[in-house]
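What follows is a group of structures, each given as structure tokens.
What follows is chain A paired twice: with chain B in the first complex and chain C in the second.
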Partner chain A sequence: MKTIDTTGLSCPEPVIRTRAALQTLAAGEQLQVLVDTVTARENVLRTARSLKYDAVAADRDGGMVVTITKK
Partner chain B sequence: MFEFDDPNLLVGPQTSDDAGVYRIADDCALVETTDIITPLVDDPFLFGSIAAANALSDVYAMGGRPVTAMNLVFCPACGVPLEALRAIMAGGAAKLREAGVCLVGGHSIEDDELKYGLAVTGLVHPQQVVRNSTAKAGDRLILTKPLGTGLISTGIKADMADAQAVEEACRWMTTLNALAAKLMLECGAHACTDITGFGLIGHATEMARGAGLTYAIKRSSIPVMAGVAEMIDCGLIPGGLYRNRDHYAPMLKADSQLEDDLLPLFDPQTSGGLLIALADEDATAFLQRTAASDCFAVEIGHVVPKEAYPLLIR
Partner chain C sequence: MRQQLSAFFASRWGIILAGVVIGLLAALLPKLGNPPNMGVCVACFERDIAGAFGLHRAAVVQYLRPEIPAFVLGSLAAALLFGEFRARAGSAPLVRFFLGVFAMIGALVFLGCPWRAILRLAGGDWNAIIGIAGLTLGVGIGGAFIKQGFSLGRSRETFKIAGGLMPALMVGILLLALAQPAFILISEKGPGSLHAPILISLAVGLLIGFLAQRTRFCTMGAIRDFVLIRDTHLLLGLLAMIVTAFLANLALGQFKPGFEAQAIAHSSHLWNFLGMVLAGLCFALAGGCPGRQLFLTGEGDTDSGVFVLGMIVGAGFAHNWLLAAAPDKLAEGVLTVGGPGLNGQVAVGIGLVFCLVLGFAMRERFE
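On to the complex of A and B.
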């Protein structure tokens, strides 16, 4: 599973990097996006869902991670 | 700490109004404000024009006439070409000329990130100051620009905003609130504020709380810029919008079941429109005059006696 770290980046950078990373994935592959703000978490979830991909967010190690499954 | 005991200080920092007002003669008061922003478009001239329209807006919102301005430039020691800085200030100066305002000086300082704004001084008759807290029950509420500049600006940063939507947003952000303010004064507005960082919901809530009344707003009547829905779908939502929502959502009661439906109303605006409260017949006159002068104005709700919430959205 590919992981990108967007912690410390301000909006809309996490969304831009998520969309770029998703383009390199094949259908069925998963992407983990590490985020550290609610703004980034909500925006990454939205951008994934706007592309009709499944996306879920969870807390992890004091931060947050959004897991996206490309269709 | 922020209380200054001076009978000539007509509007000070306590009431969170748009600008300070200080009386210098029986028939004249100064309106003083400053506003500084970070670049939200690539074109430096356009950025300067937006920053100036944004800084002047607070004077218009108080019912004042802006007369002088000073440039405030925050700039990294390297990385910003001199021509770009010149273009930013040329954009600001062009907007000041349009407003009939003189540039009288300014100041620049080294900073990590480029910022530009102005300190603006205006004049107003002490009896004609239009505060944000003086609406009356029964007033009708009118908004003079559509919402969405924060969302579209975020789309610009991500290079995902539609060219036409960007053009429209830039046209609104460079539009002076001068004409709307002039017509509001002619029609005897009770209260006014300009919609900026707290979004429509934030500023409407502050106006209602200041007056001890409730603002009832109709969601379907609120004008929103083209492209805003796409920005929300794609997650191109500025952090300020979420902060406004977290802060102001507990203070409002909304009928809408769709949370996304309210998001544009939390969007922080740059150089947003005026939100004006006018008595029934004055609102009718205002809408007629704005229509006749090609000035955008939409009725979005009305003021009711105080209820449990300062803001109702139907």
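On to the complex of A and C.
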């Protein structure tokens, strides 16, 4: 599973980095995106779902993580 | 209940509702006293605040606009209520300050920020079409830089009290607006003398601030997300705002189509375009339109606060150094086309070079 850290980055950098990271994955692989604002979490979730990938968000260590499964 | 509300505000209908409410209120404020097509203009209102503080001496644009502090405090209320207040700092504050300065200069060469560009369009001022075209190009260039790795770097969590500083400043501005001490300047004529009753402006600002924080409404982000990744979420809010303001303007008799001699506007097409290219580029590189910067400030983002301060200082320079455009004048049937003088034109050029240098120089590799 690949992990990218987008904490502290301004909008839309978390989404841009998520999309770039997804391009490097094969179908079935997972990507974890670390975010630290609800806005970034919403944006990453919406991006993943608009690409028809499964995505779930969870709290972790005071921050948040979005896990995306590429189809 | 809070979760359901959050889910609604994050949905398409949430952003559309925000656009409808903002469009309606922004069309109503001129009817209640605000300048024409200026129900909400973040750049103009910050410029008026700069004037009220004496940072510039343009006597016609001095007034402590309550909408600006209300935007921040409405956002603060929403952020506290929904547990999203997070004090943060450290993402290239000085760069953001200068982006704020040049964003203001670009906006004052056009005579309005993206919010007013939309409202001018909804009021029939066709110069706004050229401004919005410039804005789109500027945002597109900024978006291309971001796609290539442009970044202002990471912010990090800081002390809560630091995140409360800008909201505290905004409370201070509101108190001064209410108390009106002698050292606060107020226009006796011109746009600065035109304003809705203070409590109405305050209430409208608080509501917009609250809604915009919940829905992440952003005029620049709407264009950027569509251009960059074909995401129409924020664009729906922007379109809802335009359509609602247009219909409200029609109903209120405020729709006056044309290019020339529009209220507080000029028909110097090149500079309407270039002014907004600069403003759009600055907003894109800084990650939000001038309204969004205020809403982020309310959430505890001190870097956005620095951008806001840059815009206010930029307004001071824009008027002291005669960078801002003059509006068209119609006297005895003779039209004098306004626009920026040489100083303003040079300032736009310097601003564009500044942004391009940043765009190429501040890049991180990522995959």
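Here, the second predicted complex is superposed on the first by the 71 of 71 C-alpha atoms of A that agree within 3 Å, B and C clash if a C-alpha of one lies under 4 Å from a C-alpha of the other, contacts with A are read in each partner's own complex, and residues count from 1 in each chain.
Everything below uses one rule, namely that a residue touches a chain if its C-beta (ideal position, glycine included) is under 8 Å from a C-beta of that chain, and two chains touch if they have at least 3 such contacts.
Predicted, not measured: the structure shown is a model, and the values here were computed from it.
**Q** Put chain B and chain C onto chain A via the superposition and say whether they clash or fit.
**A** clash
**Q** Going by the contact rule set out at the top, does A:Thr7 touch chain B (first), chain C (second), both, or neither?
**A** Second partner only.
**Q** With both structures superposed, pick whichever of chain B and chain C touches the larger number of chain A residues.
**A** C
**Q** Contact-wise, after the overlay, does A:Val44 reach chain B, chain C, both or neither (first, second, both, neither)?
**A** Touch status of A:Val44: first partner only.
**Q** Touching A:Ala21, do we find chain B (first), chain C (second), both, or neither?
**A** second
**Q** Any idea which of 79-87, 151-159 or 313-321 of chain C is the one running into chain B?
**A** Answer for the clashing stretch of chain C: 313-321.
**Q** Return the residues of chain A at which the contacts from chain B and from chain C coincide.
**A** Dual-contact residues (chain A): 10-12, 15-16, 37-39, 42, 46-47, 50.
**Q** Which positions of chain A touch chain B when the two form their complex?
**A** Where chain A meets chain B, its residues are 10-12, 15-16, 37-39, 42-47, 50.
**Q** Show which residues of chain B lie in contact with chain A when the two form their complex.
**A** 154-155, 157-160, 232-239, 242
**Q** Within their complex, state which residues of chain C touch chain A.
**A** 10, 84, 86, 88, 90-91, 146-147, 151-157, 216, 218, 221, 224-225, 228-229, 231, 233, 286-288, 366-367
**Q** In the complex formed with chain C, which residues of chain A make contact?
**A** 4, 7-13, 15-17, 19-21, 24, 36-39, 42, 46-47, 50
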